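Paired with chain B in one complex and with chain C in the other, chain A is shared by the two complexes that follow.
This part shows the complex of A and B:
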């Protein structure tokens, strides 16, 4: 079998919280945010993989851990079959060159004092990708590829719109010609019409370069449009993964079904598909992390180990009683089109 | 009840609002007008800077002090012009007859007062209830907005509640005065999608059970389709199209509405380019003369630059502000 481009195996990322004086006096143990709790996932060459979940589910931490921007507590991240943890400085630079990230807040992810041109030139210089005399042309070409005029290169982020800043962020990642681009909620802060432009840009760039995209988002509608495969997360664990179209038409996990039913615009009226809100990742329930909100929870869901993966190699779900979804609103395909 | 025959609860005409900025006076809202019937659920849609929030705040006398100014127009609510009311009168109307819910409940709830004290304050002020009765009423209101465990939550502070619960508390406060109109400005934008569905369901149920009229400010056309009777689409400070939500969204007529719908990923086969609108909205100080959408519009003609088109009735309760209407 082919080695996947990037592979995550049993990845765990925990963030210990500072212990207060009161906690120490009372002898309470240090509390830990269990952001990612044993995720195994592969990114294939050239594909678009969506990672979907609500706030606090660990999707951004997972994306960052994939690029070794946060250290894994345990488990492995492999790029082309080689473990990423423990790389020296040179190895890390090599990793960064092949795996890039675009963040949600387009303004906060650029240096406000740097012109666009300098921000892009800095990346090229750092990675020794472009001789100095060719820099101007290379930067112009980068700007053009993301749909910005060369004149914009002399501006600073403060005088750019959100959509323009996001294009600069994408150009900066693109400068290295990466094999994999992690896009962390990169269109969430943008207006609908600008969001569509950026999605088109990502589609065009992927067709042009063949890079893989890990698209982290809370918006199942956008993920459905852009991604070949999708992984649904809940409280630090995967609950379902598979081809996007299959998962959305035939969701097996109750949480996936609830998410789909909650997408506005399918013309079924807002349904309270699921009660309550996610628990805190500090205080994880035993058993299946979703059982407190799951209408179908049984005794086996409430204790013991979390459910193991079920299904086949393509479409898997982590549920004690995975069921065929059958008629989701998406399967019926009504409403806004 | 038919929305068309009953007298409007709220009638806005020719609303114009400008802001004083370091770069000069900027017109944020221009010539906005609509009617809202009792029990009507209207979506006010547009992208950031389109003037939807400013429209609501101007009606309620909540423009930032000294910077925003109403330049003209009327907003008749239950027969009284809100735009000509003094502060005292406005305060009374806002607490009793018009409730407000904002995007970010954290910054609109008092961090050092419990939820119950805040709701109780509204009830005492506007209904003259004693403290004990006010608390009972507050629990009732919290139960009405489906706050889990209202008897306990009433003593919670905002920071102890989840995002969804905070928004429920805000809605309970907005309902405390027994309003006829609820103005909800992006009430679910900061919430997760499953919680968003719960809050929208709640708003719909309140409309049905209490006959509440609702103005919902949102950027999400999907939400409009699922919750609203009518919709008004704003672009660069003007309403460009309005009418029944189902027909406007099924067969939009203004090129901007068409473009907004085309930007939605669900409308296209997967991984196909979206029909995005080129360019970006004009900055508030840089409105082109004539139709503000013309520079991004695929149908723009010479006459679009002459004067900004006004809303014209095009039948079936629909209104469109485009020079192409009436020619087709």
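This part shows the complex of A and C:
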């Protein structure tokens, strides 16, 4: 089967801002946050895909739009080749069962009034995945799979640590046996020592179930160890996409190179760290969204349409400055999976 | 509160336990009035009018020779009922409106909130008295007026919490798990949104007890000869110079009941981490 598991095509997600009376009187148009601006990306069966970018670049919105948790302004999301938008209730339930998400803040992602056991049982009951008399054992097994003792089942999120809450969040997603799991910054709120445990847990579960995982992260340094492929995002657009190994060895886009240069331990590459703040997603610059911070910006980058995809089917970049191969000093340092 | 266990009660601050015990004591007094009250609260005995507190009539008698203590005990029934029923009505209506407005949003939210603004823009007491004047005095009129006016505070509180919770990760998680909107609202948002409203309802009960007795005092609530604290104060007013016990003890009773609810509300607020 060559149909990707989940595919987005020209996905656009805009959030209209509230329009004040003053704006209306002055005839100013409604302002819009352009969180995602035409992203095309495919998630393949069983792979680990990283979506990397700094905060505010739209990566979380992209992840949520993939799961139809925020409505797409335009474009398509396809699951097994079938368009997700406009699904009826049954179709939507099918999507929910197959695609799950784990959030950044482990405490906030659990209902504070529900015990762990009740939260997991609720999912199993509503999807009729488990008969009532087997519920206790099924919940215990779920807890065990994420490395929690069954004794924690009667606790509420308030008396669990961040790492434990995140494991519960993973168990809850796992209860539905999803084909795809979106991990939205799922370790950035945790201690470094716990981060590794949670990431290893996700990789173990992936090996066990064969589900695809989309790691959304601001940290290319973490993602490179986990993912087969990475997609780099900047201001609502992809700037580079390709196999993790290739992108790290041979980054084509100035932004990707800046990200790689800022990875601790790899940082003695060429000093191309980006300066300043990204532009506002409300007032996007014309041309390439990155041109204001790009050291190599040319006249063509500053106006007109954003650059088109360059490169081959595997490794693509959206830049006017296609960079011929050639290894950077970073390449030798990256021991990749 | 769902899931309130013994352990949770034990965490209550001491003053809240005192307040809770006082509320329970008043409820017992009200329920057991026929057994507690030494005399009939209504029957007049014109041979024993305006007796000061003595061994037979602990709190004295009023101008019709009725035992003040017995009227106080029977009055607890009405005053407690006015407080609790009024809060139950306003809490329910306000929570439903607030939760729906906050969760559905859009035009419905705007409509309900404008309705709320209109209601709130009238002075509370004036509006209550106006509605009761139209409906006629009595408990039914009181409760209808309370229902029309009192829901606004709860609607505001619950709507504000719902707006926050609607955006929270666990609600998003519930959506991604395929839970229906009604379930998300009822099982996940409302139970988390009502904590501040529960705390508020305790101090609100005080308000309705005072309001109920004030209206009775003004002749717009419960009517004489029914035993009710506000009625008792109104009747005793004429005799305040000669028979202080007729007004002082019902006044004490109102203060004690109000204090009980306030203490309990403060303690609850502390435990639930909200402030009023």
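Rule of thumb we're sticking to: the second predicted complex is superposed on the first by the 318 of 337 C-alpha atoms of A that agree within 3 Å, B and C clash if a C-alpha of one lies under 4 Å from a C-alpha of the other, contacts with A are read in each partner's own complex, and residues count from 1 in each chain.
By our rule, contacts are C-beta pairs under 8 Å (C-beta built on N, C-alpha and C of every residue); 3 or more make two chains touch, one makes a residue touch a chain.
Small disclaimer: the values here were computed from a predicted structure and weren't measured.
J.: Using the superposition on chain A described above, determine whether A:196 touches chain B (first), chain C (second), both, or neither.
T.: first
J.: Applying the touch criterion given at the start, work out whether A:225 contacts chain B, chain C, both or neither, answering first, second, both or neither.
T.: Touch status of A:225: first partner only.
J.: Regarding the shared-chain residue A:123, is it in contact with chain B (first), chain C (second), both, or neither?
T.: In the superposition, A:123 contacts chain C only.
J.: Is A:97 touching the first partner chain B, the second partner chain C, both, or neither of them?
T.: second
J.: Per the contact definition in the header, classify A:132: touching chain B only (first), chain C only (second), both, or neither.
T.: It touches nothing on chain B or chain C.
J.: Which parts of chain A are touched by chain B and by chain C alike?
T.: none
J.: Considering the complex alone, what residue numbers of chain A touch chain C?
T.: 64, 67, 69, 92-93, 96-97, 99-101, 103-105, 108-114, 122-123, 126-127, 169, 172-173, 176
J.: Under the touch definition given earlier, write down the residues of chain B that touch chain A in their complex.
T.: 47-48, 148, 162-165, 192-198, 200-201, 204, 219-223, 225-227, 249, 259-268, 270-278, 280-281
J.: With touch defined as at the start, can you tell me which chain C residues reach chain A in the complex?
T.: Counting only chain C, the residues touching chain A are 2-3, 168-170, 172-179, 183, 187-188, 191-192.
J.: Please name which positions on chain A make contact with chain B in the complex.
T.: Per the stated touch rule, the residues are 48, 54-55, 161, 163-164, 191-197, 199-200, 203-204, 218-222, 224-226, 228, 244-245, 258-259, 261-278, 335-337.
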